[in-house]
């Protein structure tokens, strides 16, 4: 799927646009992910491949993000229509006058964990006292970590911090004992290298920050609510499909990036399922109290200067 | 030496010549008025006043480092005199040709291209077509005896050859006033003499627009055989020490070095140089 | 002939020794793959795909390189001809240059999208400064006497530029091109880091996320190859262009 | 005196015009803060804290700059004196340079930790190439006749180096220093991007996460100020050092 | 001109002089054996064989571009002759001083420092202390009349002054063999004559180690007044056309230009130059 097509959509998406001649012209829509193509976004791929977007009159192009990718600004600037990012970014953005609103969340339980190699003997946050933890400064990883430490009542200065990026060598080489990452990504990756891993889950400390939320610009929501509704609905339908057919959905991702292996993607998809809370319908629906507690943490840590009106920050109205 | 006539006769000759000095009817081409110049605390020129007439060949003699090159730079208006002095050109500023003391050739151009370079600039630019420039360049290279080296680069040429290119360059541009700073210094006597007379021929020829020539030289003989007047400069801070009119008829010819007027003038100049 | 042979044997020899030492070190010290892969595993990771990514990056870099050098030279020319502009704008140019590209890259993406243009601009931004600095220096490095010659013959600024300043500046300009040839690649890759779905930067990023260090190093290797290619091309042009400097004889 | 005044008035004037245009553009076009903050809001975001971060980055950059230039000059000296080494190792140096620092930076952190050293090395790596290329060129740019003079008087390679090559290379070396002065800052910031809890790179990173573009721009501004500071220092030294070039008279 | 003696007498003088040519008892200092040299397709030197003896002053005359500088470069071993030719120095290679055709001064060094430069190199390096170098440099600057410009930089000096520094540099290093390429070309007659005799004085003085001098010059008179033998070169491809021994006694003195032997030799040389 690489090379040739600069728009970056997969082969299947191209197939879809070929058929559009017969029907009403499809509305072109761009979705910007928060991370590179992988099963983390399988629902969106499924919506493309299963034709859900097309049925809704949409020609969706899915673009990958990456570390430090300014997805919120891309959407806010109007060059792209929808994005996926952390809930914290929505709140921070709103405070800075970036007019975006969350429309749904993918993972109702955060996939974020702190993890350690088993041989380090670290099992809980308390075990980290006197040890060294990797911190991705300025990100929801840092935020979550600090909230966890706060909630556990640990003196933050008792754990040594080392600023790190996505390269996991400091963990593997023992420079740090704990690493922040997604249970469906970094943890899997380290396990696939043959290490056993202990995870420290934020939920155990009463922390659950929405990690991947679907959002759009306020303006789009106000001006074209029907477009937004059909996009959100089709996306969630895609996620439904992914829940029912995890292996098929994971396989769709392979068309978007040729660096993926089916095995890893299937593992990731399967690991994702419980965090989507399939039992809790409708998929993607957000809880006000989760937003409130996120905001409280952000305020507490000084990330936010003033509280935002949570009811403007997110809306569930397009999910049902 | 037997050749010498007595002092008295000599002086007479001089007075006579002084009388035929530039007549007032001749037009002034350039005029240096009370020019002084110093570099930092080195006072180079001091109250230099000098008129160069049209159709005149003037040589400048002076000890090394006295300010001859500086004087030429004043005339080229590359340097400005200290306040109080000025350089005045006749009404319409004529085209000036220059042979610097160094050859000043562009290392990336061949001999011919180096000459064409100045033909493509200033007033010459529009006058000349490509073919004409080429012909002029080749003609003047032939004049200085370098027809076999038209396509050589400066670093492939000897010091004297480089100097000859710079002479050819100055002549090719067909200047009205020609300033030359020791143009023939790096040439053997034979080549030098040949070029001396070639230059005189050009200057005298009505087909060229060459009118006034100012030549800095270190050869007293050359200054005499070539010029109408010889300007002698004093050591730094240099002024015009003396101006001698050469009592030789025009056109100058190859045998004239043997005339009494020639070697008398040379001797007189030599004497004055030693006693200044 | 034998000179030419030698000239290509030396780098080959050095490269070979370097690669061998690296391979041996990795094996002897048992360095884990994710820290530093052995050359053998890097070479194993090279595939046809890499070639197409390399081509993408090379194109972006080349376009940025060309634009930057044209613009940089033009700016230098303006600077050299106008002291007020030079004094006034040089600091802005320096300021612009010191702005870390890596910090600007996300903004570039926001302003220009994730297509070619943001990479080209990234590559451009990084190449602009060397050519500017070296050209300003080179255009001013003319011989005083040559300047006198041109002034005497009433050469226009135009003449002075084309026939004196530009040739004089060539050694400096070519030096700048050599410097920025590799910077161009770096720029394109930095651009790709922020958002791309092809190019060597993309490969480095993806493989780094996937902890696939051999692939990552193969991409690094490919970028080095691009740099060498550009550098040698420029060195070759330089030799033809500045024929009058007898550098090689000394 | 009046010259000096002018010399500082021009850049001030230009900067002022630039800033005013920027401010006006932002206001007139109603560009949102998060896309491009107006200068006024950037200035409002400057605080004492920024100064201390700036100092950190400046120190890292300076140390890297110094080491790189010493090493680069030394390497150039070796290259100039040994054709086999030059032919053999130059390609390696180019390859190293083309390796995007951004790709190497994570490895640096692994090898050297997240302290000062990794930033210093990052800054060093980025500064190394310009000085190498320009010094090699400059050290070879000696006049042929001067070389003949030294040979005739049996000057040692040492004499030739200290008394001929080095002075001849100064214009090139100073040009390289000017180029790499700003690169040094960029390098340090790239190093900080990968892992740091102070320095301008850290500020850029954090403010980018917080979408606090004014702070981000204030950091970028600070880095530009560092670059200018270094550049002007070098330009000043250059003027004292290369007194024999009558550049300013032309 | 009355000064000229008849042809017959002239020839006789020559034959006589040829007989007193370098005796076999004198040691050869440098020997050029069958040296040819070409640059690409320009054949510059052709089968040049020339011995320079110890305690000898040799001048080289030849048309511009014939290969005189190239010949000196051969002797300096800066260029190698084509296969078949060789340059042979007497057993121990002596210290050589050189005055190039261009001044070749370092623009970043003052006059004095430019001279000290070569005193710090090669065999001189260890011999001289800092103070001694300084004194030598200043002494030789004084010799060439530049004592007031010790601390000036080359770009602050006139062409002739630069040339004099390069002469001072060559002399300061106290060479055994001195090669000079038109050393006095850029000087006025008076300074030139002064330096001519200064050089002769140095060469003759037992306190210096100066033994052989090879001087390229374009002045026939200078070549005669200075040298023991005058080597005349033919135009390119240049060979040694002729070698003339100068029938003037040593030490040479200022008045000797008036001796018949002087101007006969000059005349003879001039004739040969014109007819080659």
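Letters are used for the chains, namely A, B, C, D and E, taken in the order the chains are written, and counting of residues starts over at 1 for each.
Note that contacts are C-beta pairs under 8 Å (C-beta built on N, C-alpha and C of every residue); 3 or more make two chains touch, one makes a residue touch a chain.
Labels paired with UniProt names: B, E = ABC transporter ATP-binding protein; C, D = ABC transporter permease.
Small disclaimer: the values here were computed from a predicted structure and weren't measured.
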item: Labels of chains that are neighbours to chain C and to chain E; value: B, D
item: Mutual neighbours - chains that touch chain A and chain C alike; value: D
item: Steps in the shortest chain-to-chain touch route ending at chain E and beginning at chain A; value: 2
item: Maximum centroid distance from chain E, chain identifier (CA atoms); value: A
item: By number of C-beta contact pairs, the top two chains; value: C-D
item: Equivalent interface positions on chain C and chain D, same or different at half; value: same
item: Cα-centroid distance, chain A relative to chain B, in whole angstrom; value: 86
item: Centre-to-centre distance between chain D and chain A (centres being mean Cα positions), rounded to whole Å; value: 38
item: Chain centre separation in whole Å, for chain C relative to chain B (CA means); value: 51
item: Separation of mean Cα positions, chain D and chain C [Å, integer]; value: 15
item: Residue numbers of chain C (touch at least two other chains); value: 35, 106-107, 110, 144, 193, 208, 245-246
item: Touching two or more other chains - residue numbers and ranges from chain A; value: 68, 70, 73, 77, 166-167, 169, 173
item: Sequence positions of chain B contacting 2 or more other chains; value: 102, 155
item: All pairs of touching chains, each written as two labels joined by a dash; value: A-C, A-D, B-C, B-E, C-D, D-E
item: Of all residues in chain D, those that touch chain A in their complex; value: 32-35, 106-107, 109-110, 113-114, 193-197, 202, 205-213
item: Complex contact set, residues of chain C against chain B; value: 143, 145-146, 148-156, 159, 163-164, 167, 242-246
item: Chain C - residues contacting chain D, complex; value: 6-7, 10-11, 13-15, 18, 35-36, 83-84, 87-92, 94-104, 106-107, 110-111, 129-130, 133-134, 137, 140-142, 144, 147, 171-172, 175-176, 178-179, 182, 185-186, 189-190, 193, 201, 204, 208, 216, 219-220, 223-228, 231, 245-247, 249-250
item: Residues of chain A defined as touching chain D within the complex; value: 68, 70, 72-73, 76-77, 89, 92-93, 96-98, 137-139, 161-167, 169-170, 173, 175, 303
item: Residues of chain E defined as touching chain D within the complex; value: 73, 76, 78, 96, 98, 100, 102, 104, 106-108, 117-118, 120-124, 153-155, 173
